[in-house]
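I've put the structures underneath this note.
Paired with chain B in one complex and with chain C in the other, chain A is shared by the two complexes that follow.
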Partner chain A sequence: MTFDLTILAPHIPFLVKGAVLTAEACVLALAGSLCIGTIVAALVTSASPVLSRIAYIYVDLFRNIPFIVQLFFFFYGLPEIGIYVNAFATGVIALSIAGGAFTSDVIRSGILSIDPGILEAAEVSGLSKPTIFRKIVMPIALRTSVRPLGSVFINLILTSSILSTITLNELTGSAKIVASDTFRPFEIYAVLLVAYASLTYLVSLAIGALHRYLNRDQTEAA
Partner chain B sequence: MRYTAFTSYDIVLLAQGLGVSLALFLATTIIGLLLGSLWAIIRFYRVPVLMQIVTVFAELLKNSPVLVQLFLVFFGLPAFARLNVTPVEAAVITLSGNTAAFVYVIAVSAIESIGRDQIEAARVSGLSRWQVLRHIIAPQAMAFAIGPLTGLLVNQLQVTSLISVIGVVDLTKIGNILNLRTLKPFIVWAIVGGLYYVMAKLVAFGGATLEKRLRAHTAWKGL
Partner chain C sequence: MISVRGVRKAFGTATVLDGIDLDVHSGEVVSILGSSGSGKSTLIRCMNGLEKLDGGRITIDDFDVSRPKELAEARKRSATVFQLFNLYPHMTAVQNIALAPVEVLKIPRKQAEADARALLDSVGLSARADAFPAQLSGGQRQRVGICRALAMKPRYLLLDEITSALDPEMTSDVLAILAKLARDGTTMVFVTHEIEFARTISSRIVFLDKGQLVVDLPTAEFFAADGGMAKPRIAQFLSKMRKD
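== the complex of A and B ==
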């Protein structure tokens, strides 16, 4: 059988629509998982043993259970307790919660890498705890963890393909429809594979640039 | 008539799904480890052409969703090459390839962590290429790689859940079946998630134990 890519040409607008949906879900989930990750990282590194224990359990659970199981849990479970949201919202919520577990781990190690002398200096200067966290801990922690956060984000993009299993027609879901329309699954999935790979490659380039920009005043070459 | 209550037979179903998931995980792990190490060795000896192919292939596999790879093998290969692939075959091919791509990266950095001077010293002492690989590189690379490998395997265990999408009756698929019959998503998915969690913990525990043994020679024994 021949490898004929021209057959896909009429379906490109449809695929682009799917890609836009993927991008929307990923950006929203990135914002969500950054919020959750920051809060959870603050709890894990906090002085309270109870809070850090709870946060640790959350991270441990959501890192060790497959995303598809979490997704089905939310997708079938939320209506059961009277929360009716569409597949897109469910997907974003599930991605944010799963991503939050990975993000919090990255931010936690960023926080722990901060020199205790800096924190002591801040305390001695009379800054309150929330101020220290917002103005000193977070900027340093986020700046040093741009690269690992980037790989979490790339993982998030790859994981978002699983949203096609809950009837959400993002990039993979649209490709599935096109594949059954044209009966050219090999071409469409090969193109999709290369598309995802180049997309994540571009994202990793952007993250490298962002890392260099944020750490431009750092003297040591990382 | 609908039987929505849980029956004792459901435990058998779950155990069956667990068995399928575990068997596929073990099989693809072994194939992936062998294949990934082979790729790393190709890269180590700088085999021309093959090395470039392996690098590009591994990058593609690492940077694309496993679901798309599964679809490519399961739906794409039969249409393109007129090969009939069963769901289980497609799952084995995809998961092995995916694991191999990540193992390749870990193995390459493990080999690079050793340092060429040791290898040169061994060669000068009269060891053959195979002996160098067997007695100098492999033991040290294993000790270096076991930590990242454990992390990878915990991850790959979760990736096996995706094969339910192409119709392999693994633990997730059983969860789906039970969910649709009993309409109790919270209980069903909590049990399925719990089983995956326990398996992941066992893999992590096994990895940690093995790491302790492999690193025993470098451990601080006290004065």
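== the complex of A and C ==
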């Protein structure tokens, strides 16, 4: 058997299109899961027992169901009750909801690790609750949460490959088609390995840089 | 005026404040003394609305701290400096000081930061204005904490054992700033174990014991043999503090 990447040349535009689709879905899903995760973390740590309970149910529900089952429910199940959403939007929404459950857990841990004295200082200075959350709670929580959040986001990128099961020809879906066209699965999936590894490595680098920036007071000379 | 009337506070079955009455008038420096667990810090926390009262009433310039709608106004008139600084770790000294003026008093950011730098200059920290709390010593952090409180231009400054976490040298730096504030006529309620300093700057001294107000006397009278010192509990406390 030979390892010949040149056989992939005619398929590069198709694979790039799939990679772009993966990137788009991941960027939107990362933003979506960060928004959902932040809101849910705020609800979980809120003073309202009802809101906190609802938020916990969401987290428990979506953390404990396989992503592919959630995805199939959204894509194949919901049309049965008249809710039709295209494959791309379904993928992004499903990834955001599932990712939001994990993201909220990480942010919640970050929030709970904040010294209560800091929040009291903010409170007595007259800052409103939304301002305290925006200016004090989230920036401090992110300092400790950013690395575990990076793991959640990388997992989200890897999970995006499952979107190929709902007719979405993202990177993995495109690769499957090329593999079946060329009968050269070794080359195509080797490229896929490198592509995902590169993508997640870039995210790791970005998360590392963000972590250093958010914690710059710990490293810069006094 | 800060008015404390019949304030009661309990944590579970432990009564921490038991019917406290106290008035603090404009321009006064009132030191609150007492042994650990006497309720000093809880009284400060009740004054700034961090603890809910189980009974009684506290007003700051007639704004009731127990009423959520009035608490915001009460907090605009008073500012608290904490024992453990409680600075925002992700913000520089200037940002720590300027945040509340920008967000609460709606002062333009540039103006608030200029004011913050002037305050830091007044406490000898102009060179550390852009340092983060982790890059400051304990005394420097507490000076930033005082500046953060002063930036809100409060009528009343509540100080909760602000030198307890500092070494003697840092303590003297911080006390020098408080002495200056006292000379400038800043109204202060000062929970402390620094007996001699309290004697120097206070107009009145309040002594708490087991949640009860034992005496509330002008400073000279408090330390007089026939005044506060005539009370065995106070004499015992002062004697022990001086030995320590």
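Definition applied: the second predicted complex is superposed on the first by the 218 of 222 C-alpha atoms of A that agree within 3 Å, B and C clash if a C-alpha of one lies under 4 Å from a C-alpha of the other, contacts with A are read in each partner's own complex, and residues count from 1 in each chain.
Assume a residue touches a chain if its C-beta (ideal position, glycine included) is under 8 Å from a C-beta of that chain, and two chains touch if they have at least 3 such contacts.
Quick caveat: nothing in here was measured; it's all calculated off a predicted structure.
With both structures placed on the common chain, the touch criterion links A:Phe72 to chain B but leaves chain C unconnected.
When both complexes are overlaid on chain A, the residue A:Ala197 reaches chain B alone and has no touch with chain C.
Contact with chain C, but none with chain B, is seen for A:Pro139 once the two complexes are overlaid on the shared chain.
Of the two partner chains, chain C is the only one that A:Ile118 touches; chain B does not reach it.
Judged by the touch definition given at the top, the superposed model places A:Phe186 against chain B, while chain C stays out of reach. Touched residues of chain A, counted separately for chain B and chain C, are more numerous for B. Shared interface residues of chain A, touching chain B in one complex and chain C in the other, do not exist.
Considering their complex, residues 115, 117-118, 120-128, 131, 135-136, 139-140, 143, 214, 216-218, 220-222 of chain A touch chain C. Residues 59-60, 63-69, 71-72, 75-77, 79-82, 154, 157-162, 164-165, 172, 175-176, 179, 185-186, 189-190, 192-193, 196-197, 200-201 of chain B are the ones that touch chain A when the two sit in their complex. Those residues of chain C whose C-beta lies close enough to touch chain A in the complex are 48-50, 72, 75-76, 78-80, 82, 84, 86-90, 99-100, 103-104, 131-136, 148, 152. Of all residues in chain A, only 1, 3, 61, 64-70, 72-73, 76-77, 80, 154, 158-159, 161-162, 164-165, 172, 175-176, 179, 183-187, 189-190, 192-194, 196-197, 200-201 touch chain B in the complex they form.
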